[in-house]
Each structure stands twice: as C-alpha cells, then as structure tokens.
Amino acid sequence: MSKQNLLRVSDATMQFGGVVALNNLNLELNKGEIIGLIGPNGAGKTTAFNVITGVYSPTNGEITFDGEVIASNFPHGKMKALYAGQNAGKYTKSVVPTPDKITKKGIARTFQNIRLFKDLTVFENVLIAKHLNIKSNVFAATFMLNRKEEQQMREETMELLKILDLETHKDDIASSLPYGKQRHLEIARALATKPKLLLLDEPAAGMNPQESDELKNFVARIRDDFNLSILTIEHHMQFVMGICDRIYVLDYGTLIAEGIPSEIQNNPKVIEAYLGVDE
Amino acid sequence: MLKIENLNVFYGGIHALRGISLEVPDRKIISLIGANGAGKSTTLKAIMGLVPKSEGKVAFDEKDITSAQTKDIVGSGIVLCPEGRRVFPDLTIAENLTLGAYLRKDKEQIKKDKQWVYELFPRLLEREWQLAGTLSGGEQQMLAVGRAIMSKPKLLMLDEPSLGLAPLVVKDIFSIIRQINDAGVNILLIEQNAKAALEIADHAYVMETGSITLSGTGKELLASDLVKKAYLGE
Amino acid sequence: MTATAFFSYCLAGMSIGSIYALIAIGYTMVYGILRLINFAHGDIFMMAAYFMIFAMVDHQIPWYFSMVIMIVSTVLLGVVIEKLAYKPLRNAPRMSIMISAIGVSYLLQNLATYLFSALPKQYPSIPVLNKTIALGGVSTSLVTFITPIITILFVVLLMLLIKYTKMGMAMRAVSKDFEAAQLMGIKINSVISFTFVIGCFLAAVGSMLYFTPRPSVFPLAGSLPGLKCFIAAVFGGIGSIPGAVVGGFIIGFSETFIKAAGYSEFSDVFTFVLLIVVLMFRPTGLFGENLAEKV
Amino acid sequence: GCGSKDGGDNAAKGPAGVTISGDVIKIGVFEPTTGENGGGGMQEVLGARYANQMMPTVDINGTTYKLQLEEVDNQSDKSAAVTAAQSLISKGVAAVIGSYGSGVAIAAGSTFASAGVPAVGCSCTNPQVTLGNDFYFRACFLDPFQGTVMASYATDAGYKTAAVISQNGDDYSTGLAGYFKKSFGELGGTIVADETYQTNESDFNAILTKVKSANPDCIFIPSSINTATLILPQIAANGIKAQVLAGDTWENAAIISKDAVGVAFSTFFDENDESNPVAAEFVKGFKDYLNSDPKNIALNANTDTVAAVSALGYDSYTSIYEALKSLDGKEGDLTSVAIRDALTKVSFDGVTGHISFDENGDAIKDTAYIKTVDQESLTSKEFKFIKTQTVKK
Amino acid sequence: MTKKSKTICTIIALLVLAGMIVSVNEFTSQSSMLRTVLQLGSIYALAAVSMNLLNGFTGLFSLGQAGFMAIGAYTYAVFTIPVNSKPIVYYLYGVSDLLANVELPSWVGLILAGLMAALLAAVIGAPVLRLKSDYFAIATLGFSEIVRILVASSPFNTITNGSLGLKLIPGYHSYYTPFIIVFICIVIIALLIKSSYGRAFKAIREDEIAAEAMGINLARHKQLSFIISSFFAGISGALLAMYLGAVTSTTFPIMLTYNILLIVVIGGIGSITGSIISAFLITAAKEWWLRFLDQTMIIAGIHVPFLRTGFRMVVFSVILMVVVLFWRRGIMGQKEFSWDGIYRFFTRKSRKGGAVHE
C-alpha cells in the first residue's frame, strides 16, 4: 500500500499564559495507520488532540487534513509579546475552525474524561451523531417530510450498535452502563459521524489488562471494518505497543522520539522520561 | 479496624452490591479487584455514606458507622480518594492540598507533609499556583492522591489511583502506597492493574457483579488460575 | 452642568451605588457557593426593614438595640429559609432550587402584604445616620458618606476571609463539588449556613443604610433594589466580591448620570444595554472567573 | 361563544347580562387589596363595606332584596385583573364597584361589558376606562379635568415654571402628567423638567438633582402613594423648596410627615366641607364605623381620617343602590343590563357632590378640592383643606 | 403494549379531552370560572412549552419569555385594533399615520406576532447566545425589561400608545379558538423535538462540548431553538392580548417570566406534557380554587382564622414550594406522558410488596 498522507501537524505550539503545553509539534499520519501518542502526564497529548479538533486554536502552527489546511494560526494580539515558541514568523494565516466543522471534515474523537449524553439512551447517543449529515432543513424534519432520511439514520445507527455489541443496551440510559461499555459507546458515537480519522484519548483507562486486551482487538477490528486511520493516546504500554504502527513521544510539549514500537521501547530518552526501567 | 458485613446497595432497581462482607485489619494493605461495573467503587462510596445502604453493617474501630454522615465518617479517620479525581477546579494546587488537611490541626506536620507530597510528585510543585481545573488528567490524578495523603487518615481508601498515570508514575504510586502504609495508615485499594495491586496487598478480594467471589492473600490470588485468566490477561 | 450639580450627582450616584454594592455582595456570596441566584435576597432586605420598624416603632426600643435585634432576626430568617427551602434541594436540578427561591420571594412579599398591609410604613429615623451635613453648597445626610465606607470595609474583610482563611477555602471548595468537599471532612451545611449568615447580615446592614434616607417600607420595596443589585453582581461577574462592588458602583453612577442627562425614561434601558454590551466583551462579567472547561 | 371582547360593539347585539333570581343581589367589589395600590384599594373597599352596612337591602316594587358584597382582589396587576373580574362574573354579580387604579379597570372593562354587567368606578380617573365601554361608569372626575385643575391651581398661585415626575408604564401617572403639561403650557407656564421613573423605583436622588438644577416653581408628581412616601423625604433631603403638587392618590394619611408639609393635591371630597349635609352625615358615620373595629383602623393607615376614595366607594355603591331602586321589578326586568340602563338615569346627592352620569358614563363634576399638609396635620393626621378649584376656561 | 393500541389510546384520550372542552362550552354557564381557567391555562401552556423548548430541551436558561410575549401581544394589537376604534384607543397621543388605516385579520396578526418575536430573537440571538448559563439568563432578562420599558416609552407613543397601553383588541372568534391554536402550536413543537433537530438540541443540553465534537453547530442550533421558542412565545403573547382585550407594558413584568418558569419547573423541565398539565393546574389553583382564601368567612358565627385578603397568595406560594421540595423533578420529571408509563404505574402498584428487591 502506498503511503498516503492524511493528517499533518506542522510546528504546532499551544501556550496558556506562560505555560507552553505544546511546543513545535510535528506529526504525520498516513491513511490506514494506527499511531500512538504517548508521554508523561501533562506532556501535552490531550492538548494536541484539542488543537487538531478545533477546541483550541494553536498559538502558532498549521494542521492539514486530507490535503486541506483545517487550522492555522500565528502569535498575534496579546500572545505576540508572550510567545515563547519557535517558528514565530513562519505562518501568517489564521484559520480558526469550530470543532463541529472539523468533525464534518472527517475527524472524530473520544474524550479523556468520558463525555456521553448522560441522560439519553444508548441509541439516542449514537443517533445524534448522525445529525451532522442531515440534508433536510428544520421545517422538513419537523413536519416529517424526511421520513426516508430519518429511517435511514435509524437503520444505520442500529447497524452500528450491532457491530459494536451494544445492541442489548440500546434502550439503557448511557450513564447507567458500566465504565467499559461507556468507552465502547463513546467510540460508537464517534464512528457514527463517519470519520476518516479517529482520535482516541486514553481509551483503555480504567480497564484491567484483560479488558484492555479486548479493546485492542476491537480497535484493530474497527480500523479494518470502517477503513479508518487512528491516532490514540494511551498509558497502557501493552495496548500501545501491541497495536500502533508508529509512536510519537512527547515530553513537556516537545517531541522527544518517534518510531516503531520496538524502537520506542528501547529508546533511552523515552525510558528515562516515561517508561522507567523494569525491575 | 474496618469491618463490613452483608452490605447491600441499590441504584433504583439495580442491585449493585449483593451482600458484601470484608475486613481491613490493622496496618494492612487490602486490595479489591474486579471487572468494570462489579461494584468496587460502590463499596467504597457506601462505606463513606455517599450512597444509601439498604442492608448491612459497617464498623470502624469497633464503632458502628453504618448510618453516620459523611463528614463524621471522615472525622473518625476514613478518607476516600474518589474515582474521577474530583479535585476542586477553582482552587490552586496548593489550596487543594491544604484542604486535604482540613480536619488536621498540627500546622507544622501539615507543612512537612505538603513538602513530602511535592517530593513525590515534583510536577505538582512546578505548577503550585495553577488552578486544578486546567491540569492535565494525570496531573489531576496526582493531585487527588496527594490531597488524600494530606489528610493523614487511619484508613485511606484509594479508588484506582493509577488511572491515567504514565507508567513511570504508576510504579511510583505503588511504592508510595507502601510508604504510606509503613507510616501507619491502613489502605483499602481498588485497582485495575491487578498484578501490581495483588503484589502489594496483604490480603485481597475479587468482586464480580456485586458479590465477592474470591479472597485470599495477594500471593494466593496471584497464583490462582481464575484470577490469572480473568484479570491478569495471561 | 454646574460644578455643584455635578457634585450632587456624584453624591447621589455614590449613595445608591454603594448600597447596590453592599447588597450585591450578598447575592454574589450565595451564588458563589450554591450556584443559586437567590431571588429572595431583595425580600430579605425588605423584611429587615420591617424588623426594624417592629423594634423601634412598635416597641420603642432605642436604635442601637433595635439594630442588633434587626440584624439577628434577619440573619435567622435567612438561615431558616436556607434550611427549609434550599437545603432539601441540595441534589435537585439547579432550576428547582431557583424556583424554590422564587417561591420564597413570593412568600415573603405576600406574607408582608398579609401581615403589614400594602400601605407604606415609615422607617424610623436613626439620629446618627440622619445628621445633615453641608458640603460646598450641597447638603446631604451623613449616611451618604457612611455607606461607601462601610461597603469598602466589608469588602476588604470578606476578601481576606475568603482568600486566606480555611473557612474561605472551604467555601470555595463547596461551591464546585459538594461530594468531594464532604470527603475532605468539610461540613457543607455549616459552610452554607455561614454564607447565608454573611449574606443576610449584609442585607440587614444595607437595609438600614438604604431606608434611612428613603424611609418608606412596603412589601415590594425590596424587589427593584433586589433586581438592580442582582444585575450589579452579574456585571462584576457573579461569584466575585470585588466585581459585585464595582458593578454596584457602575450601575449606581451610570443610572444617575443618565438621569442627569435628561433620559430618565431610559435609564434602566441604558443599564441593561450596558450590561449586555459588557457581557459581549467579557462573557463572565468584569471580574468573573473565566474557567473554560478543560476538555 | 365567548363573544367578541370589544365592549364598544356589544351594545348593538347586547349581551344578555345576569338575571337576578332569589332575593339576594350580589354586588362585586373589584379592588386591589394587595400589590402596588393595595393600600388605596382597601380604603375604597371600606367605603363600600360601610355603604353596604348602611343600605343592606333594597326594595324593588315591594319585594325586599338583600344586597351582598362579593370582594375580589385584582392585585393591582392588569393580567390578574381580568381573571379576578371573571371570578366575580362567575359568582353571578349583577353590578360591580371599582377599581382603584385605572389600569386594572381598563383591563377588566371588556370582561364586564361582554358579560353585560355594569361597573361603577370609584377613583379610576383615566378617560379610557369608560371610553367605548357602555357598561363602565364612574363616580369621580377625570384626569383631563384633574390635570387642568392642578395646572390652574399652579397658575393661580403665580407659578411660571414646573417640573413633572411620572411613572413609566403607568397610565394614571402618565395620563395625568400629560394633561397637566398640556394645560400648564396653555395657561402660559413652562415645563422645565419632565422626568420618569420605573415601577417600584425607590431612589429619586438623580431625578431630584436634575429637577433642582432646573429650579422650577412647582413640581407635579402624580404617583402612587408608595412613591409619594418615598419621594417626599428625598425632596426635603435635596433641599428642594419648590411647591409640590399631586393628584388624588396622595390623599392618604400614610404620606403625612414633616417632609410632606406644604404639598398641595387635588381630591374628590373634603370631610370638613359643611356645605354638604350628605357628606357631614357620612363622615360621622364612617368614622364610627372605622373606630368600631381596630382592624378597620389598621386598614385605613392607622387613622380615622376619611379618605376621598372611601367616600367614592360609598357613592359608587349608592349609585348602584339608586339604580336598583328605580327598577320597577317586573318579570324579566331584574337583569344587570336593566341596572345599567337605570344607572344612566340616576341622579342623587352623594358624599362627593351631586352625581349623574354623562353619555360616556362619567359623573358630571366641575369642582376639585385642593388639600395640603400643615404642621397641625402632623399630630391630627388630617389634611388641611385649602380651597375648591374649578377650571378656568 | 403494541404501537397500534397506543395510538388508539392516544386518539381516544384526545377525543375525551376535546369532548371535555366542548362540554364545558355547551353545559356550563357563560360566566363559569372553568371556561376562564381553561382558556388562560391553554395560553400559559403554550408559553410554558415554548420556554421549555429552550430551557428544558436545549438547556439554554432564558428569562426573556415576558419580553417576547410582549412583542407578540403588541404586534398583534397594533395591527388588529379596528380602524374605527383607533381614535378612542389613541385618544391622548393620536395614532401614527402609518397605522391609522391598518386593520389586519386576526390570523394574520397572530402570525405576524410570532414572526416579529422571532425576528427580534434572531437579532439579539447572535450576540446573546454566546453567553453561558446564568449570564445568558440575565442578558435575556435584561432584554425583556428593555422591551417592556421601550414599548411604554414616549417615542413610541403613536404606535404603542406609551404608558396608556392598547385596548379594544379583537378577541377570539369563538370559545374554541385558543384551544385550536395552542394545540397546533404544541404539536409542532413536539414534532420538532422528536425530529433530528430536537435530538441535536438535547445533545447540546447534555454536553455542549461533546455535542460540538459530534459535528453539531452550536451557534446555529442554539439560534434555531431560540428563534423557534420566541416565535411561539410571541404567539402566546398575542393569544394573551386577545384574551385580555387590553395590554400595557406592565402586563409583561419579569414576574410573568417567573410564573411561566414556575409552570415549566413544576411540570418537569424537559417534559411537554408536564408543562401542559402544570399550566392548567397552576392557573386553576391560583385563579380559582384558592380564591376563597381571600374572603373573610364566617362558619357557624365564628370567623375562620387567617382568611383575609392576601392570604390566597401566601398559601399559593407555600404550595409552590412544597411541590418543588417534594417533587424535585416536577410532576413529570424529564419524561413524557406515555401509556407504558401509566401501564407500569398500575402494574407496579398492584404488585406492591412482593417484588421490591429484584
């Protein structure tokens, strides 16, 4: 398979006041890949996700998705004086999308702290994610002139639930599901937006090794079934090493290593900053 | 020290705890492991009086605390480091730690303990004045554990303290737990990282769908085939 | 505008502004902790005035004792309201608590009408406060000067309390997470009661300073000041004490000068427009905590 | 159906109205006893209650009917007023007394009109109450008259400049202020300040500073009694020396205080007016009535001063009584519509002067009483009569 | 229960309801309080449901209801007051030349009322909707006060008649008019909520950040909900004007917003049926059932204690608080009336005792 670039993060810097959470991050992801993003706590991994999905606009840098610049910024305004990163003059455009636009372009995500629509049912949670592709306007939808479309949304939702083994929980309220199922549901909901790229923020957190193993297989399966590329943050090394094609390692907002799992595992910098030595 | 008998808890119609009995003897580390949704967190919440118990008895230091209020339970020396971190987002790291020692009066010792927490998690010292709400997930987790340590309880209950922490820190966490225990604090620990939890535990319980299905010393359970298969992923 | 006129406008603005500020602090404190817009605050303020009348006029008690009686009963009223109407709703949806607050506000107004009739009653004159003083051709009563001083004094005290004491820290902790606060051993009920004690104490003092130069008390007397102070609190950023004070003064002054400019008909319109405009630029008020939820 | 609500057109079709059956005739008392105008409204209720005590029955063609009051509180609130009026209608009242405050009367007007029940307003002085409503009458004079009277009084006293302070959104206050401004201008005076305030406003310092700098000879403040008690001390505190003028609402013992000394306002009636024997008798009887029960005194602002609105309450009741008396009691004649028809023809000497209604349903009156508060009032709690004022043509 | 039997149940229930309304018209006297309560209740029901769309379903805590109702009421009144009544209505300030000869049929006025409110919502929505929770609440409250003060202000004298307000507003064509209009409007709102857009609103209520991450355009959907809610608030305002026959700015105080919010909360935030039920209950309680409390009553020669004017509202406020305290989530909670719910309610009752655990 020829490598076809899907996502490119160039020189992304994110600064909160004096805290440089992300410093000049360069990251690439090709179609069909599963990429891991690891690093100590507070290294800036979640921040990287937030920058990619439009939650934050980077202080400096550019994000390209599928050949299109989806976000770009340079230090200006208050940030101009405060800016502590590099490549200050490199970008001159300011493209500030909202997260919904990014999702529409084909990037979906899950959250580090699960964010489901708690009081709604599992079915509704997934169905809502289908809304972004709705064609009919509010009048048509209200007066039920879009029955076909609605029907199709429901069918697709049902299908997705079936594939993800959530069918039996269809009418349960999301918050009453056990933790692991909630994680599955979050992924299902993200998949419902029909993304090309899926971002997973610590999907295996709170799972025991057994469960995290199952999740690993699950993620690999959806990548194939849905023709996805995946970028995942995770602290469970078995999970990361077992599934990722390549891994990026961040520390203090800076990239300290990049490579295939076996390289990373033995990289002294990574061991020192993140993995520690096995006793 | 802590003794639970036949604890039952309902969430509406869901029978979340079905007659749990367990014991935390003095100066020991007790681990509680089990699959997602088994009812581990619920057990700790029920002890703290955060969820109503429909049946059962909880005694601490020979005193019945089954129907005591949370604040009194904390007063009697049990502290919970809750699931989901629950740091105070509008307060700084330093203030969060100070609040951990809310019931303590020994100013000098509090100061020392704070120093100790900062030594354990240098990251927290770096960001002492940052509002807890803006910390990263792992930093918040460190803060939550640090805050619990600050309270110097007789019994410390930790609900998945390693959640979201980097591997290096996870290793530290378990040695920290040891240190706390050595300082005379009893520990009741919930962990997904079953291996580490069992290694450290003097005694451990396995929970499944609201009941305790297995118990024994940490070593015994580590050797058990059942545990191996279900929780160690071997 | 002549210099004297300007000076008297300033006095008028300061007098009303500092009252707004004083009462707005009460709103802000309760909001800061319970995330509850205590709609009954203005009515507690009104009841305080009736307590004073009850003590000083009906029972001829000297003003200093009356003042103590009034403050104590107002504080009691506030605490009782909290226990009966808000405490049972700790875990209820926020709007239910708000409706309970509206209910209390209705109840106090209706109760006052029922007990004291809708006719206005004369607020007793407190000799110390009523002393008139002349200042460069403008005469005004002492209370005009005392009010801002008292306001600033209280603000400083409160800020110290909240920033540096354990109680203050506990108050801030309770405001975000009841359960976690309990886990620290904080007695949330006492913390909340304490907040109400302070809020009502301020309302009681404010009521005395307010009604002395405007000595007419009727059941709806608290409703408009209540609304204005509430706006003042929002203006400054709800939950922020210095914000409430600044908000109170801004509203007091802007109102006064709009009237001075001959647009009394639109003074409230202007206040609200100003509020909305300020919120456009600072969505959480002037001093509001701007905690973007971390994702 | 419910019928169209616009009372004006109803005369053609004519609503059926209420037919009286049995020997009890219910008379509704539609007054605010709570809310902004609760105090004044209550005084009107007292007048009506006293009248009912004096005239508890009426003989119509040999049969004695008991007159029974049905009181309802319209809360000084226009939306509550309509349902309050509905509740009176649902109780089967044949006629209605009230209300204090024109706004509520206007709001409820169409309800009464479409039910075919006549209403006699006591102190609702706004022209709109009776305008285009065949079922509304009133015993008092109107704002255009009152505004003109006060303007005339002001020019008679030699005032050249005036300030006006009125309440935004209040028809009584704005209307009266409007008429005052108009005629004061026509009479050669100048309005130097025209200020408004919001309902429940209690701080007038800014407005008063403005007024003070305009330095008018007099200030006209048509307002509710609550506002009056608030604004007077502030006028004094601001050191404003101009003559304060006001309308009928200020005739309430609640305003009497040292700050009120010197104000002048127009009203419907003077309790010390010896020239009217009906009034003299009423005053004596009503004072006894008030003093007979401490509750009544409490409701009358703790004095036994007779408020003009009480007198109007009494007169309104009397006009209904007179109308009932004039019915001939034949089958089908005892209806509320017949009472309305009879009301257009009544003519009697009331407490507030001679009463008969013009084609709009307004009492034909040409005199207002100007009263003030003086030092003596502070102890006696009574207003001091200055003069009667008619309108200069 | 099968879908079919549910539909049949619903149709029967609606017929019974309609029958009740008809029989009230046919068999009670013209002046019965029941008629008033039903009409007023239905208007409040619409106002409450439209507020619920925003507060309950979209999670936008708005306190601007009274303002939008005022706009609706005034728009309706200004355009429908008969030309020959205008001189009487505008007797003091005169009527603007633009309006002197305008007299639209009431249904046009009604729609215009909704559109006008919606238009204003669109204008202020863009800036105001950026605010969060309580700040949004205060901004809308401020807006509603601005509207109230402006309609009574002198520059608009020849249009709104300033402080004097408007009267002789054409009323309902028939007793049934308000019920039909309210029914149609509520059905439309219910359909909207059931549609994909309604689900998007609920997602915003549950978690804005997650909703946005699911591709829901927050600004657009909030705006949509705000405008639609205001449209129906405008219509309910117009209906209120028709019912009252006369409006002034003081008909729409903040208190009105509070009252409607009260109906929403008591009914259950996020429940349409709850809002409807509570609208009728509260109106009936306040305006009808409790009225006797205002009257001194003598039973067997003894004054019944406490009963005197003002007591009704005291009791009413106490009842309100008791309801809020004991029914925290309101009468219906977040649920809708459903036949399954009724069915479960009865079957559970009958099996009481035995099946509590498990």
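Order as written gives the chain letters A, B, C, D and E; numbering starts at 1 within each chain.
In this section, a residue touches a chain if its C-beta (ideal position, glycine included) is under 8 Å from a C-beta of that chain, and two chains touch if they have at least 3 such contacts.
As the structure is a computational prediction, the values presented were derived from the model and not from experiment.
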- Task: Could you see whether D-E or A-B has the larger number of C-beta contact pairs?
- Result: D-E
- Task: Taking each chain's centre as the mean of its C-alpha atoms, give the chain farthest from subunit C.
- Result: A
- Message: Taking each chain's centre as the mean of its CA atoms, which one is most distant from subunit B?
- Response: D
- Inter-centroid spacing, subunit D versus subunit B (mean Cα positions, whole Å): 74
- Message: Please tell me the distance, in whole Å, between the geometric centres of subunit A and subunit C computed from their C-alpha atoms.
- Response: 47
- Query: Rounded to the nearest whole Å, what is the centre-to-centre distance of subunit A and subunit E, using the mean of the C-alpha atoms as each centre?
  - Reply: 43
- Task: Mind pulling the residue numbers of subunit C that touch at least two other chains?
- Result: 110, 113, 265, 268, 293, 295
- Message: Touching at least two other chains at once: which residues of subunit D meet that condition?
- Response: 33-34, 38, 42, 168, 198-199
- Task: Give me the residues of subunit A that touch two or more other chains.
- Result: 46, 55, 111
- Message: Per the contact definition, I'd like the list of subunit A residues that touch subunit B in the complex.
- Response: 16, 19, 39-47, 112-113, 176-181, 202, 205-213, 235, 237-238, 273-276
- Task: Note which residues of subunit D are touching subunit E in the complex, please.
- Result: 1-8, 16, 18, 33-34, 38, 42, 71-73, 75, 77-80, 82-83, 86-87, 89-90, 92, 103, 106-107, 109-111, 115, 126-128, 131-132, 166-171, 173-175, 178, 198-199
- Query: Within the complex, which stretch of subunit E touches subunit D?
  - Reply: 25, 29-33, 35-36, 39-40, 82, 85, 88-89, 91-92, 148-149, 152-153, 162-165, 167-175, 240, 242-251, 253, 256, 287-288, 291, 294-295, 309-310, 312-313
- Report the residues of subunit C in contact with subunit D in the complex, numbered from low to high. 1-2, 5, 8-9, 11-13, 15-16, 110, 113, 117-122, 132, 139-141, 213-216, 218-221, 223-225, 255-257, 259-260, 262, 264-265, 267-268
- Task: Sort out for me which residues of subunit A touch subunit C in the complex.
- Result: 46, 50, 55, 111
